[in-house]
Amino acid sequence: MSMLYNRVCYYFWFVLLLNINSVSATENLHIAVASNFKAPLEQLLNKAPFADEIEITLSAGASGVLYSQIIHGAPFDMFLSADAKRPALLKQQDLIIKESIHTYATGVLALWQPELNSSNSYIAIANPRSSPYGEAAKYYNDRYLKTNLSFVLAHNITQAFQFVDSGNAGQGIVALASLKAAYQQHANDKYLAYTQLPYQQYPAITQQVVVLKSTDNLAAANKVLSYLLSPAVQSEITELGYQKACSQC
Amino acid sequence: MLQVNINQPLENFVLDVEFAVEQGIIVGVYGPSGAGKSSLLAAISGISTGQSIINNQLNLATLAPDKRGICLQLQACPLFPHLNVQGNLNFAYKHRPKNNNQLMIDEIVSLLGVADLLNREVGSLSGGEQQRIVFARTLLLGQNIILLDEPFSALDWQKKQRLLSAIKYLAKNKKITFIIVSHSLKELSYCADKLLQLSRGKIIRFGDTDIISQHINNEQGTTHFSFINFQQPSPLPEYNLTKVTLSQSQQVLYINQFDDRNNYKICINANDISVSTAPEKNSSCINTLHCTFVGCQLQQHEALLYLDVDGQTLLCSLNPLAWQQLAITTGQTLYAQPHAI
Amino acid sequence: MLETDFTALFLTVKLAVITSLLLLIICFPIAWLLSNYRGRLKPYFEAVIALPLVLPPTLLGFYLLVAFSPNTILGEFWQSLTGHQLAFSFSGIVLGSLIYSLPFVMQPLLVGFSQVNSQYNSAAIALGFSARKRFFYLLIPLLKSTILSAFSLGFAHTLGEFGLVLMIGGNIPGETQVVSIALYDHVEALNYQAAHELSLILFAISFICLVLLFKFNRSNLGFRGANATS
């Protein structure tokens, strides 16, 4: 009994502290973000004009996992998915604020082969069933590349990069963003040994952002949203290895 | 001939022991807790090092424990739980060395009277039953030198007596050497040929059991006891008694049921005897021994009477007041009534 | 259920059986040596054995992936030995599982050995049994139930292995796509129906396996009757 009492007490204090916190902080925003965009997002938010006004918490994870958490009531205000499918599903279930769906980045594929004469018979791609990068890579391969190498499927596009980077796969269809980030960090020439694949030859990898209906901080969310879509930020995103969001415009 | 020469530092003292025994002799090792008794057995068996053990000119110290032809039954020596009682005995029998003591399973089972335990699981045995089976298994391992560490501590005297007699029988007829550690002087006196008194790793006394055990009794003020040999046991099942006869004087004693065929001997505690100067007619005691008073040893709270019965010595312990009131003279005939035999 | 799911299920059971058998063979002598070892380094050895218990499987997987690379000594050695590379192969995930499930096979064996050592082995040495006889006629029969529980624990733990195979497997059906990976795939692809079916089967297998484990432990195959001490 006393354990239960203690637990109730703790819970009470916990909730109280949470509330005090939300009152005292200026504004508080909890953003769920697909793992592959976490680092760029952090970079961008640090430079944002509202960096001091809005306190932002990031939860990174696989888009699928974040999606399941959201439909089961996770307290996120915004969701930056790595694809367009899950935002669409959320919209169907009426869990997002209408008109808040936007494409914040479009992924770019690169065929990366660090060692030209490698005898390695594996090519790494992200799993086409769950990752839009993988789906696009498979589409490209089926129509243009037609490789005779064996596929190894990574559970996301970052892991596909790791498979090649560690030398276990001879080549891979990876995200341009991963290569650029790696080069920025390590300045190793092997991260330049890639060919960017033509946009037209694979389905667009649209990464979309939504604001969730359950949010209490709509104003702050809108601020972040318009910041992300602003031309200045968009061109920065392009430099990180993405295509401009509005490729159709 | 087993020659033991040990000099081995232990935690608190040095175990420094030298003695020799002929094949087929039973040596009792007596001493207080922590005197080094178990360490002595360990050293002889070869589990611990730092000794010279020579058996019939063969230096055992250079051999591995399993090659020495010595079997040590530790104080905590469990039966193997994956086998039943019969299985444990078979196991020992099957794995004995080629050069062995020739004991057969049936022989040991009937000698120790454990036939009714054979089909039991070891987990269902009482502590005493386990000790009897453990001992049977030790014998069946086939060695001619057997070391026992407190082997019968969980048994009552009657059961103990049977096993001690078995040891006597095996030593005499199969020429097996036994070295037995026990804290019970009575137990050792009953079966050992030689007693070795150990204290802080040194031998204090070593010699014939009768002499050493008297010394120890006097020294420690423990309860004295004496052994009386008899003949012709005939069971009286309707009274749950056995009728026995003393060989010289043909006196008759009725004792508790007795199932030992090898050792016609009973132990009588000195303080379990009452004496009178005239034969008692109206006593509940069924046994009265006619004896002659030989002498008395007066101690602070005890008068120890030496009585001659049938040419054997019977010890009787009295309160000094009772001794004064009786006013006995040497050579006088006394009537001793032993209880509980 | 999809055909790939059956393949994954079969592969998982195969992986678990091979891993637990190999682990038994590897762990048995090590546990024997370690339980007899009284030196200063004992806690360090024990810690190394327990490490896979606390390290996150994805971390283990990441370093294995690095180690498996054909550019490393291990990867190169394996490649020259077998002509295949370790990553993305069944041998690779077996090797990973060996590390991942090691403590689960080793711990019961260590406990069993030290029990047998303290209770039976010293008594048997004193009675004059040779090392060979003690090993084959006492140790192995006495440890029968311990060996069984070590095997089942290793088996059950390998069944549920995920993070490590995710890192080094490459999701190849029939080769490295085990049930947990197939499940993750279904969930990621939002195919919840297939995920439910597959989890139900995995749940049933694991449950039966654990029931058998606890049943073996209860009846204590190696030990007839209740505890025996003298």
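Chains: A, B and C, in written order; residue numbering restarts at 1 for each.
In the analysis below, a residue touches a chain if its C-beta (ideal position, glycine included) is under 8 Å from a C-beta of that chain, and two chains touch if they have at least 3 such contacts.
Keep in mind that what you see is a predicted model, and the values were worked out from it rather than measured.
When every pair of chains is scored by its C-beta contact pairs, the maximum goes to B-C. Central chain (C-alpha centroid nearest the global protein C-alpha centroid): C.
Farthest chain from chain B, judged by C-alpha centroids: A. In this assembly, the C-alpha centroid of chain A lies 36 Å from the C-alpha centroid of chain C. Averaged C-alpha coordinates give centres for chain B and chain C that are 54 Å from one another. Distance between chain A and chain B, defined via averaged C-alpha coordinates, is recorded as 86 Å. Across the interface of their complex, chain B is touched by residues 119-120, 122-123, 125-131, 133, 137-138, 141-142, 144, 222-230 of chain C. Across the complex, chain C is touched by residues 62, 64, 67-68, 85, 89, 120, 122, 124, 127, 129-131, 150-155, 159, 162-163, 166-169 of chain A. Looking at the complex, you find that chain C touches chain A at residues 62, 65-66, 68-71, 75, 85, 87-88, 166-167, 170-172, 184-185, 187-190. The touching residues of chain B, when paired with chain C in their complex, are 42, 45, 47, 64-66, 68-74, 76-84, 91-92, 95, 121-125, 127, 130-131, 134, 138, 141, 143.
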